[in-house]
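Shared between the two complexes below is chain A, which has chain B as its partner in the first and chain C in the second.
So, the complex of A and B:
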């Protein structure tokens, strides 16, 4: 399982990005994206912004769950009250090479791990917890007087905390 | 013992409270704006903060004396330090910095801030200079300088470490320069 997490500002501008792998089921926390896929991830993620705009008014929740799927890439979204989007792209392990054929094999082998089935309630819950923790730290980061709205988040402390949240829940 | 009396005074003095985040954000905005106005000339920002604090201190001492019911002069500088830490900081910022590192002549001491209500959420700009040049809470030095000047003590105060810079503690050094004998008109600063 590999993850690509990005925070998108109100002008659809990226504020923060972070790639990581699962730490559950003996994962080492390293992403296993193919080299070409890493660039593609950014496009996949940003292209789902249109769908975010479609679904954001349909329910009152901040957490919008899985909103988009591109081959084996699933996109979960969390909207902050200030219209900043947290997007998480998750990709089950066996398909890290980019092919679609391995998905079935992966689901039988890793069926108990978080994320093997990206739309299961357990995965949704884990991602929700991850988002909530990031949200809490995001609020602290933007409370810094030297931070301006829609500015890139460069704080190393924030990055550490996102890393910690990823390790804890995903 | 004088120190327990000071703590009691600090505890007993009732002050109106404001939301901590209001203080953090207001002060933070001032510092950030100064940094912008002076083009990140942090030495100048420190100076300005100190000057602002000085002007606050000149007036704040009156408020302090009125609210804290301190009827008596401090007999020595050690007692003054106790009153600053346990009454002054307690009633205005609701913190009690620790007094340490006295010099043997009793004219210099350090205030160590375990918590700093101004610095919540703050991360200094990562331009490579702020970490070495900016004293974020420098206004406090000015406040002490101004307030003590009004009660006939000329002091020099400056920060020597700050957790925001990555130091382990936030420490302010205060040195008594002299007791002012005659009431001088405050300089037009």
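So, the complex of A and C:
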């Protein structure tokens, strides 16, 4: 399972992006995207913004769940109050057993495997927790008096926090 | 570089540019919630605000321009408060305002309670059929004007334009672009109950009403 996470500003401008892999089932947290797919991910993610604009006015929740699908890429969305979008592209691995040499660990707790089924309630819940934690840190980031709306988030501390949230829930 | 570096390499590269505070605590280490009783001193606010007004007054030629500057000072605060106040809501009621009424309620209740420790006094819709895009938030005695006496020759001025800017920031952030202005409506005669009564006139852009009509149908 590999993830591509991006924060998109109100002018559809990217503010932050981060690629990571699953840490569950013995995953090592490294993304396993094919080299060509990494460019494609950005297109896939941004193309789902049209759908976000439709969904955002029918549902007042912050977490909009999976809103778009492109072959095996699923896009989950979280809208902040200030109309900044958190988008997470998740791509379940084709082969069972997750990443690398974690097969032994996977067999012991594979029942609630996050990501094997991208639309299962467990996956939705895990992504929701991830988004909520990122949102908390995002609000802290914008509380800075030097931060103006739609500025790129460059803080290494923010990146660490997102990494930690990804490791914890996904 | 044609491709993105993996996350790890990027973060170690960026590490060099940032100066940490001496105690190692950044804004990310501080909690977002605060205790209910954590109020600020009104006199220090009044002092700060009087400085803000005189700062805005420098190099302006007219009252409109002064109000515009005060408005601009408030705008970013509104943008940020929108997100902050929503995260402080309990998870069940954490919803983005989708309609004008929901947004104005959020302003009247959450925003006002956070800023001034009480709700706004009234919410009204313009009764004039020509201006269905105008709404009014009424405050009988705005806190920001508590220690301000406006000189006679500037009687048009209402320093609550700052608060109007905050409201405008909240509306803009929530994708309800609007113009917000503050107007004094308190009577000047003796025995007037609320001489400092202020109306915040919220005038939404036409596209907001258009969308509102579409959502109502759907």
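Note that in this section the second predicted complex is superposed on the first by the 152 of 170 C-alpha atoms of A that agree within 3 Å, B and C clash if a C-alpha of one lies under 4 Å from a C-alpha of the other, contacts with A are read in each partner's own complex, and residues count from 1 in each chain.
Assume contacts are C-beta pairs under 8 Å (C-beta built on N, C-alpha and C of every residue); 3 or more make two chains touch, one makes a residue touch a chain.
Everything quoted here is computed from the prediction, not taken from an experiment.
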Simultaneous placement of chain C and chain B on chain A, clash or fit: clash
Touching partner for A:79 - first (chain B), second (chain C), both, neither: second
Which of chain B and chain C A:39 touches, first, second, both or neither: second
First (chain B), second (chain C), both or neither touched by A:58: second
Which of chain B and chain C A:119 touches, first, second, both or neither: neither
Touched partner set for A:135, first chain B, second chain C, both or neither: second
Contacts of A:146 with chain B and chain C, given as first, second, both or neither: first
Of chain B and chain C, the chain that contacts the larger number of chain A residues: C
Which superposed partner A:13 touches (first chain B, second chain C, both, neither): neither
Which superposed partner A:155 touches (first chain B, second chain C, both, neither): both
Chain A residues contacted in one complex by chain B, in the other by chain C: 140-141, 143-144, 154-155, 157
Complex contact set, residues of chain B against chain A: 21, 24-25, 27-29, 31-32, 35, 120-126
Partner chain B, residues of chain A touching it in the complex: 140-141, 143-147, 154-155, 157
Residue ranges of chain C in contact with chain A within the complex: 3-4, 6-7, 10-11, 14-15, 17-18, 26-28, 30, 32, 76, 79-80, 82-87, 94-98, 102, 173-175, 211, 215, 218
Of all residues in chain A, those that touch chain C in their complex: 10, 17-20, 30-31, 35, 38-39, 56-58, 60-62, 79-83, 135-144, 148-149, 154-161, 163
